[in-house]
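For clarity, chains are labelled A, B and C in written order, and residue numbers in each chain start from 1.
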Amino acid sequence: MATTPRPSTQRLWPRRGSLGGVAAVVGTLVILVVLWEGYKVLGKAAGGLVPFTEMRLRPPPDDRSMPHVWDIVSAMFEPARRRGEPLFTVLGSAALFTLREAFAGFVVGGLGGFGLGVWFVRSRLAERALLPYVVASQTVPILAIAPMVVIWGGRAGLPQWTAVAIIAAYLTFYPVTINTLRGLRSPAATATELMRSYAATDRQRLWKLQVPAALPYIFTALKISAAASVVGAIVGELPTGASDGLGRALLSYSQQFTAAPERLYATVVFCGLAGITFVAAVSLLERRLVNPGARQRIEAEAPGLMVAGAQA
Amino acid sequence: MTTATTAAVGAVGLGKVFEGTGRQRIEALQDIDLAIAPGEFVSLIGPSGCGKSTLLRLIGDLITPSSGSLVVNGKTPHQARLDRDYGMVFQQATLLEWRSVRRNVELPLELIELSKAERAARAEAMLDLVDLAEFADHQPWQLSGGMQQRVAIARALAFDPALLLMDEPFGALDEMTRERMQQEVLRIWSRTGKTVVFVTHSIPEAVFLSSRVMVMSARPGRISQVIEVGLGARRDDDTREDQRFYEAITEVREALRHRQGAVGGEPVREATS
Amino acid sequence: MTGWRRYLPPLLAFPAVIALWEVLVRAFGVESFVLARPSAIVSSFVANWRVIRSAGAATLIEAVGGLAVGVVLGVAAALAASRWAGVRRGLVPIATAASAMPIVAVAPIMNQWFTITSPVSKMMVVAVIVFFPVMINTVRGLSEVDPGQLELMQSLASPPRRILTGVRIPSAMPYFFSALKVASALALIGAIVAEYFGGPQDVLGQYIINRANLFAFPDAWAAILVASFIGIGLYLVVSAIERLVMPWHVSMRTGGPP
């Protein structure tokens, strides 16, 4: 357990929070802006056509389809409606609304998944009877049918935010269950023998050995789930009748696209920020609770686990 | 002469059978009689599959015997485990990587709900004993293999048990570190007066450390011969060049070879390791 | 215990569960908007077969088209990232951020760029979604090579091109295929979600939401069933390709990269 095999070749991810990491992010943002504006300049010079053909360029390089970056930024500080609040406060409160829904479901799904994992590891019978159904539950593409779930919930008398939270919970519980189970089983056989040699109770073994060993696995799942629950919440806000949230904002500003394309772009930026905020909050908690050696070991053991989540 | 009842560890007719799936049935140990006196240092040595780790785990009540009787510290092994009468050291240090060195040593003390101050004092003393006091606040992965194993020894001694069970504790270390660790264990043994049962693959290690070496044979696992080392209590690097050291090594080697020849030397996978 | 024997009891239990569901819904007179009867779903499936089939086909084309574009771009980016450190330094923060972001939000923008009525706009949403997992996993596969194999190739004075084709690409294959499996599931979900942002009506997403808006839930469930089957089908196709491309790996892989 104490041996920490390290990834064999070059370090893939820059050390987080390091100066180099910050520089890389800023540099990347600058490059993206330059690419965006550069494409517009060159595209316009080519008359909006693919060079040497009569085909129209996609995306069209005009200011309506691709507003200038500075126009998008300044639109955030202009009123969203005539003499109303500035766009960024409108979008900020929509993002908070969406995050609250996602968070409620995330907490319920996370606790439920953890509980199921603990139950399964303590009872072979429960695992054999229920785990196949837990796995089978994922054949329902909940993200794809999120709007239907909300309509369904509405017909059954559930408020919209509850239905959306249920979607987030459904997205969270599966990865958390599976990774909790894996993590609780991860201690080496000798570590389990060690606890037995101390005449530790089952409860002590669970809390002193298994749960700490499972934490890095659980956080891997939580980060995936956090991202997925924001997606689930946004998609769940799409059906007509939904009152608030980023999903609503996306639809209403895409209807205003002809008049004010910057607003749609600003909304997309806020969607991204909402997701990053949620995942970053989970990562911060992880850094407080999981020791760096363990985190690295898990990532080396299970390459690709990070991306295997329900990201859409 | 120590008898099975006054011994730190006593066994009469002890046997262990692993029931596998189907017709697989592995007789790991058969008819083991032994008596280890309090304060003695005994090594178990033998080929893979001779059941030496199984015997150690029976003493520790990590598994239960199929036949015969076993007494640890005058009690059943189960009671001895519940009374925390022994400490165990494995081939892997098995430190909990999320705990500092100090908190690893405190782990067994937390389980018996000792107060924080008592835990700290006890951990301090144990780390001092293995010469790692200044590394108390390091993380396990910052330590070399030998140091990690010393932490594991400190942890095993934390309860102040009468008995120390060691399962090839230096098997994963390089030769130089290994010899230093052997010296270290002897020092701790002479200072604490514990009874030690030590499983090893290495003949020089068994001879250098032990008062007695129990040579085991495989299929079924038995104790084929017991060799009195007779090197005296004080041992150091010079001991490794002692005439008696070589003689004892030869005795153990011949005992191993003899048994292998008699049984047929095909190595068998050890049931528990 | 083999996987097959482990999953046999629940498989046998499945028809029983369906039957119980049917009986309970009938016995307690549960309304169809709360819980649709399995028989109602099946009969809706039969009755609307033509509509569902053409909607399914349209969505499948969006998903597969987007998957192809995203995978090609993802692999190209991964090769560039493994060749030039600068590209890698630029792509890594983007990929990290993207894994936290709800990428479907770009759907209304794609509708504007590639015209809302064209399936290309949905394909592009799928392509962006698929791009990142494929790119990240392929970069990992290309860079996390057995150092022993690398040293062997270097000791043979192999040119970099030979190391790429001989060691890096083969060792990246399992990573690539595990990403492709994830991507195939994401592609279908992404296509359906993109459809919710508007466009032609003859697609699964619109069919599901329109029927749901009319509270015709058995119809919606029938379409969801089709979506699930398409998803499973895509997964099986990818697995079959994997088996063809790397027969040496599949047989011994039990707990490899997910």
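Quick notes on this structure:
Criterion: a contact is a pair of C-beta atoms (placed from the backbone, for glycine too) under 8 Å apart; a residue touches a chain by one contact, two chains touch by 3 or more.
As the structure is a computational prediction, the values presented were derived from the model and not from experiment.
The most central chain, judged by the distance from its Cα centroid to the centroid of all protein Cα atoms shown, is A. Contact tally for A-B versus A-C: the pair with more C-beta pairs in contact is A-C. For the pair chain B and chain C, the distance between mean C-alpha positions equals 53 Å. Note: centroid distance chain A to chain B, computed from Cα atoms, is 50 Å.
Taking each chain's centre as the mean of its C-alpha atoms, chain A lies 17 Å from chain C.
Those residues of chain A that touch chain B in the complex are listed here as 1-4, 188, 190-191, 193-194, 196-200, 204, 208-209, 212-213, 215, 290-291, 293-294, 297. Those residues of chain B whose C-beta lies close enough to touch chain A in the complex are 57, 60-62, 81-82, 84, 86-88, 90-98, 107-108, 110-111, 139-141, 143, 148, 165. On the side of chain C, the complex with chain A involves touching residues 6-7, 9-10, 33-34, 88-90, 92-94, 96-97, 99-109, 111-114, 120, 129, 132-133, 136-137, 139-140, 143-147, 150, 175, 178-179, 182, 185-186, 188-190, 192-193, 196-198, 205, 208-209, 212-213, 215, 217, 220, 224, 227-228, 231-232, 257-258.
The touching residues of chain A, counted against chain C in their complex, run 7-10, 12-14, 21, 24-25, 27-28, 31-32, 58-60, 65, 128, 132-133, 136, 139-141, 143-148, 151-152, 155-156, 223, 226-227, 230-231, 234-235, 238-240, 246, 250-251, 253-254, 257, 261, 264-265, 267-268, 271-272, 274-276, 278-280, 302-312.
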